[in-house]
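Labels for the chains are A, B, C and D, by order of writing; each one numbers its residues from 1.
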Amino acid sequence: ATGCTTKSGTDTAGGTAGDDASTGTSGGPVELKDGSGVKLALIPGGAHPYFQPWKTTAEQDKADFKLGDVTFNETGEWDQGKQNNVVNSLAAQGYNAFGIFGVSPTDINTTFEDLKAKGFAVGSLASCPAGDTNSADFCLSTDVEAAAYKAAKATIDAIGGEGTIVHLTGNNVDSNTQRRIAGVKKAVGETNGKVTELPVITDIDKDLQTAQKAVADLLASKGQDIKGIVTTAYNPAVAAADGVISSKLPIKVVAIDDDAKILTGIKSGGVAATVAQNPVGQAYVGGWLLALLGSKQCTMKQPGVIVDSGSFVVTKDTVDSYDEERKAKTKALQTEFASQLSCQ
Amino acid sequence: MSAPVSETATAALQEPETPTEPPRGSRTPWWANQRIGLLILVVALATVFGLLRPAFFNQQLVIFPLLRDIAMFTVVGLAQLCVLSIGHMNLAVGRMAAFSMMLTGISYDLWHFGLYAGLLVGLIAGTAIGALAGWVIARTGVNSFVVTLALDFLLLGLIPLVYTALTENAAFVTKPAGMRELRNYSLADVCVGNVCGSPAIPQLAMFAVIAMAVVGWIYSRTRLGRELLLTGTSVKAAELSGIPTARRVITAHAMSGCLAALAGFMLAVSTGSIKATIGEEFMLPSFLGPILGGTLLAGGFISVWGTLLGTALTSVIRKGLDLLGVGLESLNIYLGLILLLALSTDRIRTVLSDRRALSPGRGGRRR
Amino acid sequence: MKRFVKTTEMTLLVICGVFFVGLVIASGGDLLTANSLRVLLQFLAVPVLIGLAQMVVLAVGQLNLAVGAIGGFAAVAMGVLMADHGVPAPLALLSGFLLASAAGAANGLLVVLTRINGFIVTLATMTVLLGVQYRLVGTRTVDAYPAALKTFGSYALFGVLPLIFLVALAVAGLLAVMLRRTVPGRQLLASGGNPVAAKLSGISTDRSVIIAHTTSGAILGVAAILTVASSPGVNKSIGGDWLLPSFAAPIIGGALLTGGSAVVLGTVLAAFVVRFVDTARAEFSLEPSWVNFVVGAVVLGSVVLGQVRTRRQQRRTVVKSPDAVVAGGVS
Amino acid sequence: MTLFRADQVDKLFPGVRALDGVTLSLEAGSVHALLGENGAGKSTLIKVITGLYRPDGGRLLLDGDEVRFGSPHESASAGIGVVHQERNLIPGFTVGENILLQALPTARGLVDRAAIRAEAKRWLAELDLDLDPDQPVTELSVAQAQLVEIAKALSVQSRVLLLDEPTASITPNEADRLFHVVGKLKDAGCAVLFVSHKLEEVFQICDTVTVLRDGTSVLESGDLTELTRDEVVDLMVGRVHEALTLPPRTVDTEAAPLLELCGVGTATGHADVDLQVRPGEIVGLYGLVGAGRSELAKALLGLDRITAGEVRVRGQAVRIRNVRDALRNHRIGYVTENRKEEGVFLDQPVSRNIAVTVWDRLRKALGYVPAKAEAALVAEYVEQLGIRIASPAQYAGTLSGGNQQKVSLAKWLAAKTEILIIDEPTVGIDVRTKDAFHTLIWDLAAHGLAILLITSDLPEMITLADRVVVMRDHRVCGEVPNDHDYDRMSQQVIRLIHAEGTTAA
C-alpha cells in the first residue's frame, strides 16, 4: 500500500484503540440501523471533473444505506457566498446531513459552524479548512500536501533523480495551493540539491487556454532546461501533457487526478504518472458517516478529526490496478472511522 | 431677492395667449413606472416560488440569507451607481473592496483593532483608492473604463503579493469580537421590552439601509448630488456653469470606493474571513442592480430604490431556482431567460404607456 | 502618412518594437528561434479575434459581454458534435460557426426589438450561453476529434508562421476591408459615430446594430474554430477568460467607447503588446501578480499618452461626437 | 406646377400637438419660405416630409401622387434633399464621404474612393468651397461644416430641396454663395423650401411663404412681393408686433471699468487684446465666425491659458482659474453660444438648470439644499423671463430653442452676476423672442451690469451695443462708438474687418 498519512495525531496506531462497548466489531464498519430519516446533500465547490464520481456515489449511498434522500448540487459555482446559499436552501428543504467541499478553505469553518449550530451533521469532504481547526464533524480529504509530495517524488523518479523540474498549479491565494507548493518543495528539498525547482507557476487553472499558453511559453523559453513538470491542478495537467508531446521535448509530466483524458495520456506514455485521489471513497464513506451522525446513531469521539482519504501514484504499470488499491483504501477508511465513533 | 429685470423686459418676455404644454411626467401611468414594475415583478416571482416551494418562506434558512445577500449586493450596486451618476464606470469595484479589506485585515491581524475601527480603516482605504482612480481620470481625461480596468489589473497584482507576504493561508483569519454576532444576529436579537424584531431580517442589512439613506439623501437633497448628476448629463455644460467637475469626478469615485469597501466588509463578515479574492464576483452584479433599476449608463439619472429592487430581482430568481432544485446544467439558462423576459415586459409596458399617450416615445438610449 | 504618425497605432507599433527588442535581448536571442516565434504567434490568434469581435460592436456604440460565452459555446458545440455524434469535422466546424453567428445575430435582434440596453441583453445571453455550454459538455474535456484538425491547429508555415495566426490576420484584413470599403461597413461606422446624423442620412441604425453583433458572432465563431483546432481539448472553461482581454485590446488600440471608430490595426497591435507581457512572464519566471501589475501600468501609460495627443488635436475640433444629439431625440 | 404638397398633416408628440392640419405646397422653379416662431413646428414638418417621423394624419403628394416615406432613405430616393437644422456630420469620416453618405458610389462591391473624391469635388465647387474631400470633418469650422451639409443635400440631385435654417451659422459671404446656388436650382426647375429667422434673407430670395403658428398654418403660399416684413411678423406672432423701442440709457463713461483687459494674449493665439467694460455698459464684440471671440471669453473664464497681459476685475489684477472662481469671487457670468452642449443640461429638469449656480448660496449644513427655497427661486426666474414650461420638472431638452436660451440666461441672472459675457444670444431665435432678449439685455445694463456682448448679427449689435469692438484673427482691430445708425455703423465695422483685404474662410 502507499504510505497514507493520517493527520489525526491521537490515533496513529490504527483502528483498535478506544472502542466503545456498544459499537460493532472494532475491525469492521458500523452498521447503520435506520437511514430513512437522513437526507444527505453532497455539495462540491463547483463544476469540476473531480466531483463527478460523487454524483453516482451519492446514489449508491442512498441504495446501500437506505437513506431518505440524497442530492448532489454543484450550483455554487466556485463562490463561497453562492455555496452558502445553496447549503441554506437545501437545509430549508429538509436536508440534514451535508458533505461539503468548501470553496474557500479559510471561510468554510464559518459555514460549518452555522450548520452545526442548527443541529445538522456536517462533513468536510475532499478539502479541509485552512488552519488548525476543523469545525465540521470530520474532514475526509486528500492530504494535499502529501499528494503533492508524492507527485513530486514521482516526477523526481521519472527524471532519474536529477535535473530541473517545474510546478504548475492553480489559484495562488488559496491555502490548499500553498500546501501543494510546500509539498513539492519538501520533495525537492530531500534530494539535497540534485533536483532544482524553477519558480512555481500559479493561477493558470482558470481555463484551458490560459494553461496551454503558459505551458507553451514555458517550454519555449525554458524547455531545454526542464526535465520534469509536476502539475497539481486539472487544466495545467491537460495542457502540460499536450504541450510536451507537441514540443517533442524529453520532459516527464506528472499530472493530477484520473480523468479519462489523463488516463489516456498515461497509457500512451505522454504522461509519466498521475496522482489519483479518492473521490468515490470520500463520497461513499463520507455519506455513510454522515448518515450515522445524522440519524443520531453515533457521534464523533473527537469532533473535527481529519482523515486522509488516500492518494495513489498511477503509472503505466499501475494504471490497471490502482483502482483496486483505492477500493481497498475505501474499505480501510470505514474501519478506521469505526474506531472514531461512539455509537448507541 | 429679485432679479434685475424690469417690468418692461418681463412684459416683453411673456408669451400671452399661447397655451402651456401639459406636464410630461404625469402622463406616464403608474404601472409604466420602472420601479413599480420591478417591485411587482419581485413580489410576483417570490409568490410563485413560494407557492411551488413553501420552503421559500423559511425565515431562518431562506429569507435571512436572501436578505443578507440583497443587502450586500445593493451596496455593491450603489458603489457602481455613484460613478454611473457622472457617466463613468468602475470596473475595479471588486478589487477596491479587496484592497480595502486587505487593510482591514491587516488592522485586525497585526494591529489588533476592534471590529468597527477596522471597518473604518477599510472605508478610508476604499475612499482613498477610489479618489486615486478619480484623480487620474480627472487629470488625464482618460476614459474611466480604461483607468479603472488598469487599476483593476494593478490591484490584482498587488493584493496577492501582500497576502502571500503577510499570511500563511492567503487570508486574514483573526476575527475581532462581534463579527460572528454581526453575521448571525437578526432583528429578533433587538428587543424593546418584550417586542422583538423579525428573525428574518439580518442585522447586517442595516449597513445597506444606512448606505441607501446616505446615498439617497446626497442625490436628492444636497448640492453635491445635484452637481454630480449635472456633471453626468454634460461635463461641458457643468464646467461652464461653475461646477468644479474635476473635483466632482474625484468625489464620485471616492464614494464608489468607500461603498465598495463597505460591501467588501459585508461579504467578509457573512462568509467569515478576509481573503484576497473578496469582491471577485462583484463586477457584473454591480452593474445589473442599478441598470435594472433604471440608472442610466450614460449618467445623469440614478435610482437608489431601483438599485435595491434590481438587486432583489436577480437574487430572488437565483434563490427560487436554487430551491426548485434546478441543476447547474439549466440554472444559467433559466436565469438568463427570466432576466430577458422580465426586461422585455418592462419594455412592453413603456411602449403601451407611450401608445396611450398617443405617440412614439423617445428612442431607447444608446448603450 | 503624416496623419498616421500621430495615431495610436503608431504609438503601439513603437511599444511593440521596444518590447520585442527588449525580449530578444533578455532571452539572449532565443526568442528569434523558429520555435519561440511560433509559440509567440500561435497564442496571438485567439486574442486578436476576440479583440476584433469586441471592436466591431464598440464601433456601433454597443458592448458585447457575451464574447466568451459565444466563443466557448461554439467551441464546445463543435467538439461535442465531432466527438459524441461523429459529425465530420468540416460540417461540425461550419455548424459551430453558424451557431456563433446566430448567437451574435440574436444579440443584435434583441437589442433592436426590445430596445433594452445592449449591456443587459448581452449579459443575459451570456448567462444563457454559459448554461448551454455546460449542458453540452458538463465537466468533461472533449478531445476526440480528427487528427487533421489538430494538425491544422498546430501547423506552422516554415515552422514560424502558425496557420491559425494567419487565419486571424486574414479575418482582421477582411474586417478592415469591410469597415473601410464596403457600404454596410461604412454605414455601421456612421451609425456608431453619430446615430442621429446616420438616421437623417437614411441609414438604418438598427440594421447596423444587427450587422455589428452578427459580425461579432461570426468572428467569435472563427475564434472558436481556432480554439478547437489548437487546444488539447475543449471543456467548459473555454471562453471563461475572454471578456477583459476583449475590451483591453480595442481600447488600448484606440477605439472609442462611444462608437464610430474602426481600429483593426490598433486592436491587433494591442494584442501583441499583451502577448509580449505574457512572454516576458515566462522569460523572467515572473509571478503572475507582477504581470498583472505590468499590464495595468502599460495600459494606463499607453492610453494616457494617446489621450494627451488626441486632446491636443481636439482643440481644433468643431464637429462633435454623438452627445450633440438633438433635443427630444429621434425615434 | 405643384411639385410637392403636404396636405392637412398632423403630428403628435407626447403632450404636444406639433402639427395640426398643416398644408404646404412647393412649386417647381420657386423658392418657398417657411416661417414661424420657435417651436411653431417648422422642423417637425420637414422631418415628416422626409420620412423621419410618421405623420399622424394627412397626406403627402409628390407630383400629385400620394407617397409614404418609411425612412429618410426613401424620401431621398424620391428626390427630396434636406439640410436639417442640427449639425449632422459623422465624425471620423472625410468630407467627401459625408457629402455622399446617402448613396456611396461603389465599384465591384467596394466603396469607390476615387469616385467619392471626384463627385464631392463637384458639389464643393458648386458652392465655391475650396475643401479637400479627404479632410476629416472633425477639422472643419462650424461654417464649413454647415456648407458641407448643404453640399450633401445637393448631392442627392433632388427636385425638392428643404433647407432648415441653413444660414444660422455661416457668414453673409457664404450665405450669398448659397443663395446663388439656390437661384441656379430654381432656374433648373427645382422646388426649394427655405426656413430662416433672418427675414432679410427671406425677402431677398423667396417667392412665396407659408407661416406656421403653434402647429397650424396661418398663411398658406402667400406671395412675398405682396407682403411687408411687418405683416409677416404679425402673422407669425399672432398679433400686431410692435417695433422694438428701448428706453434711453446712459453710460457713465467716467466710471472705473469693472472688467479690463490689458494686452492679453492666450494659448489659443490671441495677442495684445485691450478691452474695457464699465458698469451699465454694453460692449459689443464683433467679428466674423472664427475670429476668436468665444475663445477669448473662455480664456477669461480660465478655460484656456492666458499667456500675456493682465486681466483686471474692479481694478484688481486677477487670475481666474475656472468658471466657479469667476462666478464666486468675481461675479462674472458667461452665457455660451453653444446652447445645446454647453448652455443647458438637456436631460435635466428646468429647475436644476436654473438653480445650478445658486446651490452654493442656498445650501445649509452638510450641503443640504431646501427644495422649497430652490423652487421659489426657479419660479421667480421662470416668471420674470416668461419661460414657457409645463412644470419645473420638465426636461430642458423638450423646450424650444428660445426657451432653452432663456433657461441658459436665467441661471446667470439667478447667480446675481455683475459682469455678464453673452455669446450669440439669439442664434436661431424668432423675432419676438429676439426683441424680448434685446429688451432684457438692455434692461440688465440699465441696472448696472457690465455686459460684453458677442454677436455675429450686425443689426443686433447696432441695436444694443454702446461701443463695438471689432476682432479679426484673434486681435482687436478697432473700435467704433455706436450711434445706432445702421448704415453708417455697418459700413464702419465692415471696413474695419476687411481693412487689409483679408477675409475669413
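Keep this in mind: contacts are C-beta pairs under 8 Å (C-beta built on N, C-alpha and C of every residue); 3 or more make two chains touch, one makes a residue touch a chain.
Only a predicted model underlies this, so the values are computations on that prediction, with no experimental measurement involved.
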item: Chain at maximum distance from subunit A, centres defined as averaged CA atoms; value: D
item: CA centroid of subunit A to CA centroid of subunit B, Å; value: 39
item: Distance from the mean Cα position of subunit C to that of subunit B, given in whole angstrom; value: 30
item: Separation of mean Cα positions, subunit D and subunit C [Å, integer]; value: 43
item: Per-residue overlap in subunit A, given as positions that touch at least 2 other chains; value: 47, 172
item: Residues within subunit D bordering two or more other chains; value: 13, 341, 346, 398
item: Touching two or more other chains - residues of subunit C; value: 134, 138, 287-289, 323, 328, 330-331
item: Contacting chain pairs - touch in the sense defined above; value: A-B, A-C, B-C, B-D, C-D
item: Parts of subunit C lying in touch with subunit D, wherever the complex brings them together; value: 177, 180-183, 186, 189-190, 193-194, 196-204, 260-261, 315-321, 323-328, 330-331
item: Subunit C-facing residues of subunit A, complex; value: 47-49, 51-52, 172, 198-199, 201-204, 206-210, 212-214, 216-222, 235, 238-239, 241-243, 246-247, 259-261
item: Complex interface listing, subunit B residues touching subunit A; value: 53, 55-56, 58, 60-62, 65-66, 69, 72, 159-160, 163-164, 168-171, 173, 183-184, 267, 270-273, 275-277, 281, 318-319, 322-323, 325-328, 331
item: In the complex with subunit C, residue positions of subunit B that touch it; value: 136, 140-143, 145-147, 149-161, 234, 284, 287-288, 291-292, 297, 328-337, 339-340, 343-344, 346-347, 360-367
item: Contact footprint of subunit C on subunit D as seen in their complex; value: 13, 47, 50, 52-53, 71-76, 82, 84, 86-93, 97, 101-102, 104, 106, 109-111, 137-142, 144-145, 152, 268, 340-341, 346, 396-399, 404
